[in-house]
Amino acid sequence: MDLTKASGVYVIAATPFHDDGRIDLTSTDSMVDFYRACGATGMTILGVMGEAPKLDQEESVSLSKHIIKRAGPSMPVIVGVSAPGFANMRSLARTVMDAGAAGVMIAPPNTLRTDDQIITYYKQAVDAIGDDVPFVIQDFPITFTVVMAPKVIRSIIQELPSCVMLKHEDWPGLEKISTLRGFEADGSMRHVSILCGNGGLFLDFECERGADGAMTGYAFPDMLVDVVKLQQAGKRDAAHDLFDAHLPLVRYEQQPGAGLAVRKYLMKKRGVIASDAQRKPGAGLSAKARAEVDYLFERLARHDIRAKAA
Amino acid sequence: MDLTKASGVYVIAATPFHDDGRIDLTSTDSMVDFYRACGATGMTILGVMGEAPKLDQEESVSLSKHIIKRAGPSMPVIVGVSAPGFANMRSLARTVMDAGAAGVMIAPPNTLRTDDQIITYYKQAVDAIGDDVPFVIQDFPITFTVVMAPKVIRSIIQELPSCVMLKHEDWPGLEKISTLRGFEADGSMRHVSILCGNGGLFLDFECERGADGAMTGYAFPDMLVDVVKLQQAGKRDAAHDLFDAHLPLVRYEQQPGAGLAVRKYLMKKRGVIASDAQRKPGAGLSAKARAEVDYLFERLARHDIRAKAA
Amino acid sequence: MDLTKASGVYVIAATPFHDDGRIDLTSTDSMVDFYRACGATGMTILGVMGEAPKLDQEESVSLSKHIIKRAGPSMPVIVGVSAPGFANMRSLARTVMDAGAAGVMIAPPNTLRTDDQIITYYKQAVDAIGDDVPFVIQDFPITFTVVMAPKVIRSIIQELPSCVMLKHEDWPGLEKISTLRGFEADGSMRHVSILCGNGGLFLDFECERGADGAMTGYAFPDMLVDVVKLQQAGKRDAAHDLFDAHLPLVRYEQQPGAGLAVRKYLMKKRGVIASDAQRKPGAGLSAKARAEVDYLFERLARHDIRAKAA
Amino acid sequence: MDLTKASGVYVIAATPFHDDGRIDLTSTDSMVDFYRACGATGMTILGVMGEAPKLDQEESVSLSKHIIKRAGPSMPVIVGVSAPGFANMRSLARTVMDAGAAGVMIAPPNTLRTDDQIITYYKQAVDAIGDDVPFVIQDFPITFTVVMAPKVIRSIIQELPSCVMLKHEDWPGLEKISTLRGFEADGSMRHVSILCGNGGLFLDFECERGADGAMTGYAFPDMLVDVVKLQQAGKRDAAHDLFDAHLPLVRYEQQPGAGLAVRKYLMKKRGVIASDAQRKPGAGLSAKARAEVDYLFERLARHDIRAKAA
């Protein structure tokens, strides 16, 4: 598994709970199977949208093992190991790698400001987890308040050979992808995979700028997979047609603080998970919001029918 | 002019510059005329997207006067007067009101945290500008980092009779609109107008939740006007059809840090302004970005043609 | 043990490491004995200055147990259980309470803004850890960016009977102590202990405003103990004389980002711990800084001699 | 006037108001005279502690002119021109330079994050105000949330010849001074003056690290002047003795959000200004706080008497 060549969609997996808050392993299995059926290349677990901070250490480990096993060797699993300190980061990283994870994802703590602070942090993280563990940089300024200049990302990639991928969710970010791919072109940076987050809100153009695909958890991963494929096949208009049909819902799901509730509601509606329960703190959907999602879902369905009839 | 009953679209006006950075009054006039022709109810000037901080005090005043005069009595103008201190806020507010502005808009400084700090700030602002000046609360946490609970907004509205409107751009914000309209329904809050920002990204549903329209500067204000009208006429599907056709471009224009360049490029493309120049600091569009906007523009045009043919 | 009546000094304990980063239990024991000999009433462990995030879960638990045992029943131990999520907070809280901890301390996550968000967070935390676990509110806006109005603290105290103490390190904070004690006087709030942090920088006056003592880790806890005693005995001038003699060093140790290195260096110098090593990330002292601390230490020693001679 | 060689104390001037909020020019004059009598080398006006944002543009200009005239050619005046945009920064900078200011001070806006963003900002600022205007970098992360690595400051100094001074108030900051002076020693950076802020809380050691003095507004500028002189004369112990005697009050005055009230109260007490009124928003001192300041003042007076008797 060479993650630097990863392409397609790594779905940010939800964590299915029973209504009473226990982890629902049956739904977890059906979710993994669903992601595979959608054509996902891999999965990313224990991210923010996987409610990672709401699991205790033991649950994090056992859930990771369970998912890695269900996914099997054909579907690589990346595990979020961001932590307030390196000790827990190390112990989780070593444990999940031993269990068969393909790599880990590390977000910068929100105290980092200068270029050198960010680079030093990733060096220390690699010291902690070991340089044999492939890792993904998560670049998500809106949530983490850490802004990584393209040249900072280049430094991390050049100085740390175990860096294999960038999860790109800067905003605006299209120029950043172009700049990074330009670094490759001018020989100043080796190639890593770039998968994009932000709920897929710019996936249509991100692919055109040089991204290899998506790493996000939109409730219709099949759409994400198809958009990436269409773009890679050069079918630009078709990619945008498909993407645009989903955009009203993508946008609705991308609301900070409300998105996960929408996503779980849709996954339940699609029969993927049994309950859309979140652990606290986690806002549910109001009746009005559910009706709005239903409305968007119906409009999407009509579009699909029209599309198939065409 | 009772702004508490304002409805429709108050366009956040751009500030047209010549390529060399001087204010372009000819383009300013054509822009005002364009907004009127689009069906805008009013205008809001000297906002962030109007590059207000890049104008010096004298320019701010003379531009305000020019626009207010061009807009005329049928098109109310709200002027952004947010300032690091109350002295400049007062002097700008008094000056533009004397020149015929319909009201002013005030954003909270990013140091405010507790509920009482926010309420006190607005009280002090009214002490400064005078309680005869109608004012708009700008609730935009993503940019200002100030989070106003619905009950804080209610306190401001109840305690300060000169508050006439909420510019709503919290995110997620649909429930907030419902909560505020619920306060009206239960008699705990008087009515004010709610116009929504965020580039219009949620306008389709905001109208359904009780908003009176939009206050944003999307390059196609005609669409915003029509969506609000369709929703007010109960034509839900038609509103969403129109909105969805624009959503790829709305979304593209809504990128933080890149949006204004897109907007001005489109306004120039539509012939509204002569140059898309911004004053520094202000990022322009790369060739790739321009091509992307052109592509979205063409797709939108094809949709319109299809729509008219249908 | 009724922590609502706690008084004196709860020392924020350091975590002693060997030079190679392993936890040094021998130094831990001598540190506990030292704190006791200094007259400390209790200890607080696994705080920021205890390098809590640099311990993995297993280390946190075993170190807590070790310290609680060494401290014995006469010296209550409060354990910091702040965590990104409630699941880990709960598991750590239950474990240390079973091991004999006197209570836990909870800091608010830096995403909280409105009054109700803060109150809700503490309610959910109590739901998670159980309402049989005495807890301390940590009010430290400079580090956590969460600002708690006095009335918010009152709401938490009134609505959550298991709240026993406020660790007060707002800045400026003297008026806050007066306001909270005023709430007690007017009957709107029950009594809880108020112990002050901020490295002790304002302890002289905090005692006069109604604080019960200090919760901080200054390398001379004996001074903190004596200042509190002198103030409680009404010997104001003597309290200030003693405090002022230490203030140059207190101030030096209170530098954000450098304080822990100073503190550990001084503790090593005083023979309390064997090494002043910190785990990464953690800045050491430059040669110049060490010389500065040595200089302040010598000046302090001269003062003590003069004081004793007088 | 070569500000790169500035040394001693540039007092951050308060802005004296009458009780009703009007600017008090008589007190302004006596304040300028007082600063001169204290031995201040220069003054800095329109800073945060000068309540700059509470003055309107006209007041800022007329007050600047008044103070510059009163100060006369022997006492250089630096004017704070930080503004949300370059247009107002330029107009204020040009106006005060024409009126005889020695230079201007520019703080970075709180949106800057990466190294290059900070450097670019200062380049654009110089483009705006003109490269003939000597400027001071204000490095104050606790207030502005912008962190400037030493190498970023070096880039600004090397690339912008009109940079003449650093107002240093990073925290912790002693190592930063050493690093910057090290850059000079190794030839990678030209010399500029370094004057320190933070209310003087670390002035004793800052001088030893290579700072040229202080730029702060502590109510006893005479002490700051003497500490700098003693340090420059190599009288280390005497410098610390004097500094330590004031430290309890320096520390009290340095409380964020309360400091200006303390400072103005002390200046009024010393007879320098007629009223300690602040414009809104600005917290006054409670009766308890006034009594605390009085107490510290008396203790300081006793120390001075003892010192003179010795």
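As written, the chain order gives the labels A, B, C and D, with residue 1 at the start of each chain.
Operating definition for what follows: a residue touches a chain if its C-beta (ideal position, glycine included) is under 8 Å from a C-beta of that chain, and two chains touch if they have at least 3 such contacts.
Quick caveat: nothing in here was measured; it's all calculated off a predicted structure.
K.L.:
By label order, what chains touch subunit C and subunit D together?
P.N.:
Joint contacts, listed by label: A, B.
K.L.:
For the chain pairs B-C and A-C, which is connected through the larger number of C-beta pairs in contact?
P.N.:
If we tally the C-beta pairs in contact for A-C and B-C, the bigger total goes to A-C.
K.L.:
Among the chains, which has its CA centre at the largest distance from subunit C's?
P.N.:
In terms of C-alpha centroids, the chain at the greatest distance from subunit C is B.
K.L.:
Taking each chain's centre as the mean position of its Cα atoms, how many Å separate subunit B from subunit C?
P.N.:
So the centre of subunit B lies 48 Å away from the centre of subunit C.
K.L.:
Distance-wise, how many Å sit between the C-alpha centres of subunit A and subunit C, to the nearest whole number?
P.N.:
Chain centres of subunit A and subunit C, defined by C-alpha means, are spaced 39 Å apart.
K.L.:
Going through subunit C residue by residue, note those that touch at least 2 other chains and give them in order.
P.N.:
none
K.L.:
Along subunit A, where are the residues that touch subunit D in the complex?
P.N.:
Within the complex, subunit A contacts subunit D at residues 113-117, 141, 146-149, 151-152.
K.L.:
In their shared complex, at which residues does subunit C touch subunit A?
P.N.:
Checking each residue of subunit C against subunit A gives 51-59, 83-88, 90-91, 110, 120-121, 124, 127-128, 279-281.
K.L.:
In their complex, what parts of subunit B are in touch with subunit A?
P.N.:
142, 171-172, 174-175, 178, 201-202, 204-205, 208-209, 240, 243-244, 247-248, 251-252, 255-258, 286, 288-289, 292, 299
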